[in-house]
Structures are given as C-alpha cells and as structure tokens.
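Have a look at these structures, which come just after this line.
Two complexes follow with chain A in common, the first pairing it with chain B and the second with chain C.
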Partner chain A sequence: MSAHAGGYSADPRIRWIESLPWIVAVAAFFALPEYLSLGARILIYILYALSLDLIVGYAGIVTLGHSAYFGLGAYVAGILAAKAGIGDPMVQLAAAAAAGALLGIGTGAIILRTKALTLLMLTLAITSVMLEIANKATALTGGADGLSGVIVAPIFGLFRFDIFGKTAYLYCLLALLIGWWLVRKMIYSPFGTSLTGVRENSLRMHAIGAPVYWRLVLVYTLSATIAGVAGGLITQTNQFVGLNVFSFESAGELLVMLILGGVGRIYGAFVGPVVYLIAQDLLAKQFPEYWYFGIGTMLVLVVMFARGGILGILDSILVKLRRRP
Partner chain B sequence: MEAFFASLVSVAFHGTALGMILYVISVGLSVTMGLMGFANLAHGVFAMAGGYVLTTAISRFGAPFPLALVLAFAFVAAASVVLERLLYSRLYTASDLEQVLFTIGLIFIAVAVARFIYGTLQQPVVLPDYLKGQFALLGRDFPAYRVFIIVFSAVMVGLLWFGVERTRWGAMVRATVDNRAMAQSVGIDTKRLFTLTFALGSGLAGLGGGLGAEIIAIQPSYPFENLVYFLVVVSVGGLGSLRGPFVAALLIGIADTACKYWLPQYGAFPIYVATIAILLWRPAGLAGRHA
Partner chain C sequence: MNIALETRGLCKSFGALTVADDIDFRLESGARHALIGPNGAGKTTFVNMLTGALPPSSGTIVLGGEDITAMRQAKRVKRGLGRTFQINALFRRLPVLDNVALAVAERCGVARRMLRAASAHGDVREESMELLATLGLAEDAGVRILDLPYGKQRLVEIAIALGLKPSVLLLDEPAAGVPSLESHRILQVLDNLPKHIAILIIEHDMDLVFRFAQRITVLVQGEVLVEGPPDEIARDRRVHQVYLGEQHHA
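And now, the complex of A and B:
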C-alpha cells in the first residue's frame, strides 16, 4: 500500500479540498430534490464504507463479515420501532450504536486472536450466525418477509420525516459529518498511527511494546459501532429491514465500493459509494446480468492494475502533472 | 426405537454422501491454499462450472453419465489452467485483501455469466436408469445414486491420497507445502507444480460439483451460497492437509443433515456455532500445525 491520505506525520489540519464533499452534498440537496432518497442511501453507505476503511484500510484486518454489525444495527432500530413502539430516532440510533459496539467488542475480542484465513472464516461464520438468527427468530424479525411497519417519530419532536426525503437526507448528512469527524480525528492521532504500524509490520509493533491486540479490538469495536449507526440509519430512511442486510453479497458490495474509491485514504470511502450507487441506479435494473459482470470485471481490473482505486488513479495523474516542468 | 435407529442410519447415510461431495469439492481448495497461500474464494465457481458442464452434456448432447463426469473434470481443469496462468499467478505475492477481492470479482463474473447463459432456474439432473432406484443392503433400502456418490468419491479419495503419499509428484507437493523456498532450491519447479496442482484441485471441484448436482443445486448463486461450506471444510480441517478436511467434511455433512432432520427450526445455526468453537479451540484447524 503506497502513500495514503492520513497519518500522524501528515498535517492534521483540515485542508480546503476536504470541504468539497460537503459542498457537493449540500448542492445536491438543492439541485436534485427528486434524488434525495438515493442521496440519503449514498450518505449512509459512505458512513458504512468509512467504518470498513478503518479496519481494512488502516488496521489491515481483512473481513468479509462487516455486515453483521450493520445488519444488527438495522434490526435493533427496526425492532425498537416496529415491535417495542419506541419511535424516537435518537433512541433508536443510540441503541443501534450500542448493539454494534457490544457485538463488535464481543466478536472482536475473539476473532482478533486469529489471523489470515481463520480470521476471514470467523467473520463469515459470525455473519452467517446473525443471518440465521434473523431468519429464524420470525416473531422479532419477521424472518424472510422482513420487518415492516417501522415508525420513526420526528427528530427531537420537531423535524418530521417527509415523503420527499428532505429531513432524512439532512439527518444522514449530519450523522455522516459526525462520523467523518470522529474517524478523521482518530486516524490523525497517535492511535491511528499505531494502527498503520500494525498493518505494515505487526511483529515490530509487538517488539516496541505496543499492545497490538487491544488496539485492534478497540478499532474493531469503534468500526462496528459506526457500522451499527449506519444500519440504524438505513432502517429509519427505508422504514423496512430485510434479511439482505446480512447477506454475503451486501458485504461484498461494500468492499467493492471501498476498493473502487481507494482503501486506507478516508475519501475513498466517499468516492466509491457515490460512483457505485449512482451507476447501480442507472444500470442495474435494466441489465442485471451485465451489472454483476461489470462489477466483477472492475474488481479484477482494480486489483490487477489500479490498487489505489479511483483516488489512487487521480493521485498518480497529479504526481505526473506536477513532475512536468 | 426401531424408527429412531432407522432415522439414525438414514441421517448417517445422507450425511456421508453430502460430506463426500463437500470433500471432493473442497480438497483442491485446501491443497492450493496450503501450497500457494492463496485465499481463493472463487473455488465454488469451479464446482458450479462442473455442475453446468455435466447437466448440459447430459440434457443437451445426450452424453452418458460417466462421460459427462469425465467432461466436467476435464473442462474445469483445462479452464482453470488458463485462469491460473493468466490471472492467479500474478497475485501469488499479493496481500490477502487483494486476493480476496480478486476472487470475489471472479465470483461476480461467474454468477453473471451463469445467469446469462442458463437463467436463474436450478438445473435439472437427468440420472441414468441404473442410478435411479434403490439399493438393498443389510435389509435396508438406500437410494442408488447416493450409494454411487459415496463409493465413487471414496475411490477418488483413495486415488488422491495414493497420489500424494506414494508418488514423486505427491512428494514434491508435500515438500513445497512444508517449505517452498527449500523445495525450489533443491530443484523443484514450483511454478509448474502450482499450475498442475491447481488444475487437479479445480478439476476435482468440477467433478464434485457435477457429481453432487442433485444434492447441492446448480444455480447461478451457487458460489455465493456454498462458499461458507467449502471454507468451513478447509479451515476446520486445516490448510494443506488431506485428512483434516476429510474429517471436517464428513462431520459437516453429517451434522448438517442431522440438524435439518431433527432441528429444522435452527437452520444452519448449530453448524456455524460449532465452526466458531472449533476454530477458537484450534485456530489452524483439526489437522493444522499450530501457528
């Protein structure tokens, strides 16, 4: 993995270009009112991809099971809203975050003792367990039919979720802003640097006395918490939860988005979901076969030729331009 | 009591058939992962391809069943050599993440291609008459096809074990699994060995996919849906080992059948929990060396 955007040695101040995503997001709110529901979905997936980037890109933990935390958050928010009659969105979100954190620390403490294939297998197995629970506990989750009837009360009793999705969009944008700020802060901290150290050479990190295992558990838990929040948001905006939140395809798609944008560089998690979900909206319904073929081909090409994703390509173009006199 | 005993025999029998299929499909994955350290999640694609070759050969071209099995093996083995030389070989030194992503990409492509050619419906398997009826043994009737699966797989397993334990090629494979650098320096052409072993493993997966087409349904989502099973066999069994995955495959086949028979309300839940427990107890798998 070559030069990446974050790191302790890098300048932690927010550069002007980092305001670009937010300007685009606000501009999209006013310019494209008919696409706000897609927009909210994109914002949620950015948050979700950001949480994955934290463990895959920075800590170097290869997982196929991140949807366990996302799905748990989605189901916790949904069950509170549809079964327990708790409509307050903040309470739902807090519960989703807490559930993600609990599962994250519980599973993280176990699986991070292993590595490579065993770790990969354990993440898959945990997600499969969650999927089976959601599928079989029909009284709570609605099983294969999904959980409908999710009721979300106005935010702070003031802002109702309207049918145009304006409130939902801004709500997700705010959640993403907070999530981004936290992740960025963490990556530029000594803690973030130690994670990069573990990724690059975990043996050496052990040798200098860094508590590698506990740092990994901590970052895994934080990442699971953020994924839980993203899951809660997707339930609140869709007002529905289905089994697909736990599926292997959805975990795979998330990885695709992150890789497409660029791993281990924060803003890769912004670019990937935007490109992927817009392309999906335009193409996937008309040509489902070609869509998956395209995704697969793109993945293979990215791994073969452009390991930094879209942002990596931009980087190398910029470097070439600067070199010219 | 007699009824319980009958169901016990039935579960053990059907579980063994499933386990044999799982082993024939997954053993190649275990060897390639042990040999090359390559996280090949797309292994299920080869099994699915074998299944499609078998069903197409039989229903479209009227090939006899044994020939269709040979075709499934040969086709998939040949195709995998092309894939290995063109794509896989470039990623042997890449990181786990890149290998995982690359093979997920292959799965997506294969799923799309399968859907494009065959549609989303499950492929029917036309069995020859001599495999249809029942087979009487010790006063009980067993479906002839499953008996055939068990016997045929057992022969394949025997051949494979003989090949790995008793032949020069097998000795080279074992040496390379143990220590690749040393194997190279004593003059083993590991590149050729990789290609050959990869082809054999993929061919076996194709054979297993074709053989088990009636048990594990051939449809485009095959590589996604069954990936967990193949990976469970390999990781519980232990990488690079032949016997570990065999035990694991039989355990999983029988446990899965037993769960579906006696505890259908829990689905595959007990299997996954058992997998997690075994991997925590022995992270390198049943037959794996301790890391």
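And now, the complex of A and C:
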C-alpha cells in the first residue's frame, strides 16, 4: 500500500488492495453490531482526516485550525435541525457543505497569503474565533450547554436513523465512499499534481507560471467543504452538537490521527482514526491519566523513527520482504 | 534587430545596500547574451526582478514591447519569460518526467483540471518525454530528483524552463557546481537551444561565456561597468581589474 502520489507517471487505476478498507467496513457492520456507533464515528473521522490530508499531505499547508470548518458544518446542520425545523438529512448536509465552503474560501483567501508560523497562528485564531462565537450565540447554539433536540428525518424519506446505529453507519460509509472517490480523483489529476508541486517547491511553481495562491485557495476551500460535511455527519449521528467540535484538542487530535496513519498517502487518513479511536475507546476510559501521555510518546516515536506513520512502516516491511530471495 | 527584453533605470536596494543601480539593459531577440560579474554583484537579483519574483525599487521592465514592471510573475511566464535557478529549485520527490510535465501542463492550461488523471493527458506526457530525449534524459524519466546525480539535476533545471517554450530564457549559472569534466553536457545543451530563443546567461566560467555569448554585460556592485562583444570585453582593462587574478582570457 505505497504512497499515493498521483502525477504524470502514476497509474490511476484502483488497485485491489484499495478495496480492503471497504471490505473491512462492511465486515465490521455484520460482525460487530454493538459497535456501530463507534464505527460511524470512525468513518466520520476518516472523512475529516481525508480532508486534512488533502491540504497538509498534498498541498503542504500546515494547519491546526481545521476544526473551524468541521465545527461550522456541525452547528449549521444542528441549527437547521433543532431551530429551523429542517429535518431532511440531505438538506442539512448540503448546508453544512456550503457553510464549510464559504468559510473556507473566506478565510483561505486571507490566511494563504501568509506562510509557515504566521499561517499556523492564523488557523488557530480562526478556530478560536469560531469557538467564541458558538459560545456567545447561545440563542442559536445553546452555548456551553450544547445544542440538543437535533431531529433528523429518514434519509430520502425511507431510512430511519435507528437506535442501533445501523442506518447511521451505512449512511456515513456511503458519504465516506463518495468523499474518498472525489479526493482520490483529485489527487491523481493535473490539479492534484500541481498541489504536490507547490508542496515540493513553490518557488519553482511560481517560475513556471502557476497561480500558486489561487490553487491553494481552491484546494483549501474543497477541503473545508469536506470537513463541513464531516461535521454535519457528526451532528446527525450524535443528534447533539457541543462546543468541543471547535476545540483546539479536536483539531490537534485530528492531526495526530493523520500523522499516526501516514501523511500524504490517502489511506493514512483511514488507518490513523481507526487505530486512534479504537485505542481511545479501549484505553482512555480505563487509564485516563495515561492516555495523553501514551499518545504523546507514540507521536514522538512516529515523528522520530517512522515519518510515514503506520503505513510507512508497513511499506518498508513489504519492501524488505520482497527483497528477500 | 527586435528588442526582446529591456530595462530602463532599474534600481533595487535592500536597506542601505544597493544591488541594482540604474541598470539600462537590452536583450535582442534570438540573442546569446552573458551577464558576468563578481560574487554579490547583483546578477541573481537582476534576474529575480525580471521574472517578477522581486519588485524593483524603481525603473521599468519591458518584455516584447510591453511594460511588465507591475505584472504578476505567472503572467510574465505566459508572455514567454522562462528562467532557471542558480541553486536547484526542483520537485525533489517527484520523478524527472513530472518535473517537466508540471511546466508543460501549466503552459498548455491543463494544470488546473481535476476530472481526468494526469497520466491520461497523453499530449503532456509525450511532449515532456520528447523534451527529455533531446536533453539525453529519456532514460531517467522515472527517476526521482533525489536519486539523480547532480549534473543531471542541472539539466532538469533547463528542461523545466524549456517546457514553457519561452521566447526569453534567463539561465542563472546553469553549470554551477558541476565539475568541469561533466560540464560539457550542459554546454552541448546550451549550444543546441532553439535559435529563436533570446538567452541571457549568468556564468562564472569564462571559457563557457566566451564560447557561448555574442554579447557580454559586466555588472559590478549593481552597476553596469561595460557592455560589448566578447573581444572588446576581453580587452577591457577595467574588466581585467575586476577579475584580476581570477581568470585571463585571450
């Protein structure tokens, strides 16, 4: 499962191993019915991490503020459902996507004029502002109490969200499948290749006449749109929105998941959330005092010894096995 | 002769340091023009102003009769201005083919497309492969820059610029860091560049300069010291003083 770099020499056809995540997801649906709500959460985080990989891994934009778009999507879907009485999940999701896109283009157009540390600080600032708005606008958001009473009508008027989370799981899986397909297509396209070009050498991209700034604004907006959808999904499956969707921890956690899985390889965004969220589910409740210590240690180890994350480690093992006579 | 590129009264200072001092410069179409001068004379800075990477403090830049002083870098490239870098500026983790294809794709306007795979754009691939073949890099097309010998990396620098089909090409020390034994490959490539391209070359290797250039401009501390055909420059006493002990060319 090597890195998916796209490019003019890359074969864009889907390899058999790329069906593995989907097989696992469907198998989990049948084999682990009591874990479907955790499963849906993982699927949503994969979509969210995928949107982050697009900008961090491919375009090289380092951000700690991606929760701004995720959180906005979550609140927009929630406010529509709880305050405006719009129960249709497709409408809620479309609104979450549109909100993510609008905030993405608005903030991206400003912050992408800057670089490195300034950019990082600005992404943090955006999330903080969003958090503060959500905190203060209690009439709409419920403030610190969160927004409850989120009502989600059956999908297409047919599939009701059940208490076992079956519908939610399949619904999230479908959303992820579409998101994955779009992201993958983009990465293998000339546009995706030009993003890799910006990441590798923006000086040269300017010198070959690429409108670097606009390319970045575009990919940032697309990424924010996907994050908005992921946010909408989390509201729909939880039927609740809390301020934590905007929190710095949630944005940091997402980056940890991506680094853990492997940055800039599409499937790192799949592996990271699976490992992180399952570990969290198993360990964080039992050993809450060691959880962040454990995550921190693991992150240091990954960054120092396994830059490619879990997938990078698998890659190098595969390479070694193949070399053996 | 047509003027491909011209500067009038071009100035640039970094704080108290003046690195371009009222530079009037003309590059004729199809010219082979060298810009020489000691380290820190302001040669690279001059190129950066021409391409739009750096704004001049004052003065005008004219490309093909059009004032481009305030024009964005990308637009100047579209108008036919290409460059290479003194210090490699390559896409290091991408294969050689993609390094060139990125430039070709920008020129052809396919670089922003999202629907079809990059590798499905056969025209971009073919043109890039042809270009690599003319530079003797065809066999390295699939090699990442990281794994490519330095001398060949310098050729990729040139290949990327040629992928833009420029009418004016600015070469910033194309043989920099290449041992003289290997530099003949680069010289060969320079000799074979299409005749219609106006070339400004910055170079320290005087053998290369005097072989290649039909006209030479000498820049010292941001000022044009003298300009003329190679034999005049070779005879000029001021030039000898600047280069005293560095090189002697008959």
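By our rule, the second predicted complex is superposed on the first by the 317 of 325 C-alpha atoms of A that agree within 3 Å, B and C clash if a C-alpha of one lies under 4 Å from a C-alpha of the other, contacts with A are read in each partner's own complex, and residues count from 1 in each chain.
Here is the rule we use: a residue touches a chain if its C-beta (ideal position, glycine included) is under 8 Å from a C-beta of that chain, and two chains touch if they have at least 3 such contacts.
All values reported here derive from a predicted model rather than from experimental measurement.
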TODO: Scan A:E200 for contacts with chain B and chain C and give back first, second, both or neither.
DONE: second
- [ ] Classify the contacts of A:M298 with the two partner chains as first (chain B alone), second (chain C alone), both, or neither.
- [x] first
Open item on the list: Just to be sure I read the superposition right, which of the two partners does A:D281 touch: chain B = first, chain C = second, or both, or neither?
Closed with: neither
Open item on the list: Is A:R215 touching anything from chain B or chain C once the two structures are fitted on A? First, second, both or neither.
Closed with: second
TODO: Name the contact category of A:P190: first (chain B only), second (chain C only), both, or neither.
DONE: second
Open item on the list: Just checking: does A:D145 make contact with chain B only, chain C only, both, or neither of them? Give me first, second, both or neither.
Closed with: neither
TODO: Using the touch definition from the top, say if A:V129 reaches chain B (first), chain C (second), both or neither.
DONE: first
TODO: Jot down the residues of chain A that show up as touching in both complexes, chain B in one and chain C in the other.
DONE: none
- [ ] Provide the residue numbers of chain C that touch chain A in the complex, in ascending order.
- [x] 51, 53, 73-78, 82-83, 85, 89-95, 97-98, 101-103, 105-107, 110-121, 124-125, 128, 141-142, 160, 163-164
Task: Residue numbers on chain A that touch chain B, as the complex places them - done: 56, 60, 62, 64, 110, 113-118, 120-122, 124-126, 128-129, 132-133, 135-136, 248-249, 252, 255-256, 259, 263, 288-293, 295-300, 302-304, 307
Task: Residues on chain B engaged by chain A in the complex (per definition of touch) - done: 33, 39, 87, 90-91, 94, 96-98, 100-102, 104-113, 115-116, 224, 227-228, 231-232, 234-235, 239, 265-269, 272-273, 275-276, 279-280, 283-285, 291
TODO: Could you please specify the touching residues of chain A with respect to chain C in the complex?
DONE: 5-12, 185-186, 188-194, 196-197, 200-201, 203-212, 215
